[in-house]
Each structure stands twice: as structure tokens, then as C-alpha cells.
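Chain nomenclature is as follows: A, B and C, assigned in order of appearance, with residue numbering initiated at 1 for each chain independently.
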């Protein structure tokens, strides 16, 4: 299968190459964010050197289950579905939008929030997460909201994607058309090859910025056989997905399933804890909070992550519109896989599987969708005689 | 328009107490005016340090001066209702879809208002009366809880003089009330609707809008000729906080005015 | 008695769509009446004996409540029928009726209407359907008013 990445494929030797890459990024002024093994999970945080990457760590994933495990090789990116996604950096959990001071005449002028100090470089963005960023761009980013904090941060972020060669037990990116190969939207793209006696990356650039970084690393082109092995590994990953979701027609299925019995079934398990919305890389809902100091003359507006599972998320006229757990679970799944199409022109799900892993009761949306389909296919009309 | 933009300063020019808990504020810009809102649209009104609420415009369209009728139901609306002339409030917007009353040009325009729902309809009525000759019949049916909760009572006769048929009913009369008593749908028969030559605009509590739309459909109107103004929790006004979703709609962007052809199934679903 | 003009009588929503023969039978027993504004049509708890088909004006259904004086429960207007309680097992008006504005109506005695229905059950069935439709609509409206939808909501816990 042809590589879909344009341009030359470069060889990046694993440890020295990554070290050089991280150094080059830092000396270009980037804060490098990458995966780190931390507290029993692989989260995302700032790294100062490639040594902080989780070499040799893999994961065991299950509905409601996540364990780190030791790999037999030293792959840095051989894991998936960590509890965090890149959205916490582009769309922070708490952000001050503006602060304002009120004069004696009652007039107020707002000062926008301080810009971030240094641009970010994301090292190790999976194709599913790359698509998630593109999805959030559509909602929060420049075309619709050119002055937003998201747009500012997004304009400066450097995206280093890593093709997937090891899907997890809960992954289904192929079903959602988002992986295992990254197609577009990256500055640099890597495929990791690790096995007995070898550990290297094939690297492609996807933008002028990526081109410049690669040029500064003094790399040699990758051998054709290496590129072939890399491509084959990614192709093979497509056949080893842990889950499948039949994704076509979901918009209509969910629109027609508002009264399905299955919602009561899943609601009897769902705790409405909202973990899924926190872990999901595309969930974007926020709450706006206005506050003032004791004098009443200094006010601030903050934005923080919200979840449609919160009881008062839909508060209106004295109470929530969506009061029952049934209605709130239905809202989340119907939005993610159905009405997102109406609102933003694509699915909201990228098949990363985080919601399955991080649900404390192990609700699996691939199973829920299959059940909704089955219910619709087998549906009687409920007509009276 | 973005949420990072702070509200623009507007000064209260006039304050009229409409009922015991509802106030109409006229606001003028301190410096640059926001684009004049069209009938059906809303702005986010900000009481400094207290918070922001979505309020439909309730006055003449397209002007730099904004008119809003606000019911005191919580901390923010209480602060806004208490704002005296000269006081400064913040405004973002205007946002949302419009009534498009001009679609009824050459035909009959019917407005059905329940309670404070008359406020978002008033700009459409004023626009229609300003171009009265474009329409055949202009009819306004108003339902309110009681005579003391009727809005714009001093204007009703002006509207009649300007060429609107205005019928008013209350759920409960009082000792002095000599008008109709009953639900607003009971006035529909009087409107003598020509079903395929009428555009109907409905605003009020959600149940009232559904019942009115059903009554209009029973009178022969098709859903695409009926428009309703829908409401959900709104915070950003710019389609990025997710709160105002109603099924596939983001009401700050795809509403508040929605064709009943779309709204019918959404309103029929429980807890959507 | 002034008989209504048949073509005009036939346009009243209550009889619209009835077979011509039935319309004529009813028109023959109807009296064209004018009720002055402020005039009492019947009082609550009186014997319910009439059905009025309102052509114009406004009728207020009311009740004298100690301490609250006269309370209007509903008003009826052109196209409405006044008087349903004659169908109840004990035919007594639940409310009084007053012409709020001057009323033109066609009045029928419930005895005459019931006589026609007893003689011809098909007519009885048709009128029962119509009266039931009116009762259902008023029941719906009354229930909606009980919900007090325009009021400020009480906060749910």
C-alpha cells in the first residue's frame, strides 16, 4: 500500500533521534508535551527530554479497565487511550476570558486574558486524536472564533503525529475512518518501528514548519525497505482493532431512537459521573462563570469544562430540562454519534475508546450502538389492534 | 463574535415597569453600537459582576437603541430589572435567527403570544405595522395569566389603530376585567385563518406553543407556515459552550426562531 | 319566537356539516334572541334547560364566591355554544352566564333538542359527538389553565 504521506521519508534513530527532536523543539521556543508514565497511567505533560517518554510501556485496556504493562520492546508510543487527551492544552479546563474594572461613572473596559507564554509542540498525537483536534478546530477554532484563546493556541501549536502500529483492545478508529494512519493536519508524522535489535522511526513532514525541523536534525532518508515495513505495520494495525462500530447511518439511527428501550437499560448502569466527557478528546462543552471581588468593581469571566451529564447543565426556568439519567446519557451518545453531524458536519467520535476504558461501570458505546441498531431492526410498530 | 470579547457598554435610557416582576429597558450604546437586532433575535445582557442572560429584543428592529423586556426570576435578571436610567449594563450580540415576518407579504400574518412571549413578538408586529400595506390581515392573539400581567397594555389600541386585529384573553380575570377569560387557543377561531395564506408566529411557554401549533394545524395550517421561538440554557451565544442544544439544533445559532416543521418532533420528545 | 334564517343558521359551527334535514329540524325549534350587555342569561344552580348558539358578542361564565365577589371562569364568543349542563344526570347550571357584551344568539330549549334526539338516534349521535367535542376542548383548556404555565416556576429540588 502506498504511503499517503507526501514527500521524502526520513529515518530517525529512536533514542538519539527523539532526543535531538525534543532539543530542537525546545531551542525553537516550544514547550514539548508528550506522553509520560505517571501514577499508573500514561498521561500527557511537558517533557524536557525524550528520556521522559514511556519507553517500553504498553497498556491493557478493557471496559472500565486500564493497566500499564511492560512491553517486550522499548517502544515509546506503544500505548493508547490514556485518561487525558490533547484537548486540555488547546481547550484548557479553566480559562480566564477577560477581566474588567468598573470606573466611578460605571463604565467598564475589559482586558483580555494574558496570552500563553510559549507555543506548544505535541509529540505523539495518534491519528484518532489528530482528527479530534480537527473536529474541535471546527467548533472552537479560527473560522468561527478567530479571536478565541483556542484559535491563538492552535495557530502556534506544532503537531507531531505518530501512526498507530498497536491498537488497543478498545480501539475502533478504522470504524470511524480516523486511523490507524494519519492523513492530514500534522506538521510531522512518525511511524515507530521497534522490535528485537531495532528501534527507529520513519518521519515525514506535513508542513513548512515540519520541514524546517527535520532539516535541522540532519537525517538520512529512510531506506525503501524500512518505509515498506513501517507502512505494513500500520496496515496490519488496521486489521487488529479491538472493537468495531458500524458507523454508517448513525445520524438517522439515533434520530429515530429517541424512545428506544435501550436507553433505560444503559441508564440503569450509567452513574452520570461524566468521566466519558472528560476523557473524550472531542467533548468541548464549557460553563461560563462571572464573578466579582468584594468591592464589586472588578469582575472576571471564566470558562471551565462542563459536562452534559451535570444535573444543571440544561437548567431552565427553575429546573433541568434533562433531569433523568436516561435523558442525559441519551443526550451524550446521540450528540456524539448523531446530532454532531447536524451541528458540525461530521461525527463527534474518533474511535479512540477512552470512554469505554474510563467508564467506571464499563459502558461500551460500540455495544450500545449495536443494541440500538438491533432494537430498531427488530422493532414492532407498537400499534393497537 | 467570540466569547473572549467582553460585553459592550450600554446605558439605560428608560425603564418602564410593565408588571410587578417585568421591566422594559431601553438601552443606548456608550460608544460603538452593536449591529441592530432583527425581530426574533436576542442579546446576552450582562449585569456587571453578577452574570449574563439571554434576552430577546422586544422593540423596533435594526436600531442602535436596544429594547429588552426582562422578567425578574434570578440574580442576574433581578439586577437588570433594578437598573435605573443612567446605569450601565453590558451587551453581546445580537444572536440567533429571525421571525422573517416579511415572508407573509401579500398574505395574513398571525401572532400568538402567551405571557411574556409577547415581548419577542413585538418587534415583528411593529415591523409589520410599519409596512402595513404589505400584508392582508395582521392579527395578534394575546394570552396572559391575569389582567395585571398583561404587557404593553397602553399600546394595544395603537396597534389596532395601525391596522392590527388584537384579541386578548386571560387565564383568570379580576373584578375589573371585562374581556375574555380562557386559554389563548380559544381565540384562534376568531382569527378566521386562511390556512395556506397565513404565516403564524408563536411565542410563549413551550406547552402553550405546542398546543397553539396543534390548534393551528387542526385549522388546516401546515407546519412549515408556523414558527416558534425556542429556549434552552444559553451561556456563550456563539455556539461553543454546548448548553443550548435541542437535538440537532444549537438554539443560539439555529434558533431561537425555528420552523414548527423542525420543532414538532423535537418538542414531542421527553426531556430533550 | 323568531325563527332563524336557515342558510345563516347552517353556518354556525355547532350545526355545520349536519344533514340538511337535521339542520332544518333544529332551526325550526330555535329562537333568534338578542341579549343586552350586562344581562344575566342564567344563574348558577338553576335548572339547566337551554342551549344557545352564539353568533356575536361575549358571554361570561361566572360564579359568586364569598369574599371574592363575581369570578369569571371562562368567556365564550361567536361560534361557541353556551349550555352543556342540561346533559348531566341532574341538569343544573354549574356556573351562571352573563352577557359581557351584547349577544346575538339562537336559543333552543333542551327539552326540544332531547325530544329530537330521542326520536332519531342518528341525530342524537351526531349532536352528542359535537357536544362531546366542545366538552373535551373546554376540559383540555381548563387543565392547561390549572398548570398556570405563565407563572414563575417553583424550583425543583
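The rule we apply is simple: contacts are C-beta pairs under 8 Å (C-beta built on N, C-alpha and C of every residue); 3 or more make two chains touch, one makes a residue touch a chain.
No experiment lies behind these values; they were computed from the predicted model shown.
With centres taken as mean CA coordinates, the chain nearest to the overall protein centre is B.
When chain centres are set by their Cα atoms, the one at the greatest distance from subunit C is A. Computed from the mean C-alpha positions, the centre of subunit B lies at a distance of 34 Å from the centre of subunit C.
The distance from the centre of subunit A to the centre of subunit B, each centre being the mean of the chain's C-alpha atoms, comes to 40 Å. Chain centres here are Cα means. That of subunit A falls 66 Å from that of subunit C.
Contact of a single residue of subunit C with at least two other chains is seen at positions 152.
Across the assembly, subunit B contributes residues 73 that each touch 2 or more other chains. Counting partners per residue, subunit A has 317, 323 as the residues that reach two or more other chains.
Listed in rising order, the residues of subunit B touching subunit C in the complex are 21, 71, 73, 114-116, 143-145, 149, 169, 171-173, 175, 177-183, 185-186, 189-190, 204-205, 207-208, 211.
Across the interface of their complex, subunit A is touched by residues 152-156 of subunit C. Subunit A makes touch with subunit B in their complex at residues 97-98, 100, 102, 106-110, 112-113, 139-140, 144-149, 255, 258-259, 284-288, 290-292, 296, 298-299, 301, 303, 306, 308, 313-317, 321-324, 326-327, 331, 334-335, 338-339, 342-343. Subunit A meets subunit C in the complex at residues 317-320, 323. Listed in rising order, the residues of subunit C touching subunit B in the complex are 13, 58, 60, 69-75, 77-79, 100, 137, 140-141, 144-145, 147-152.
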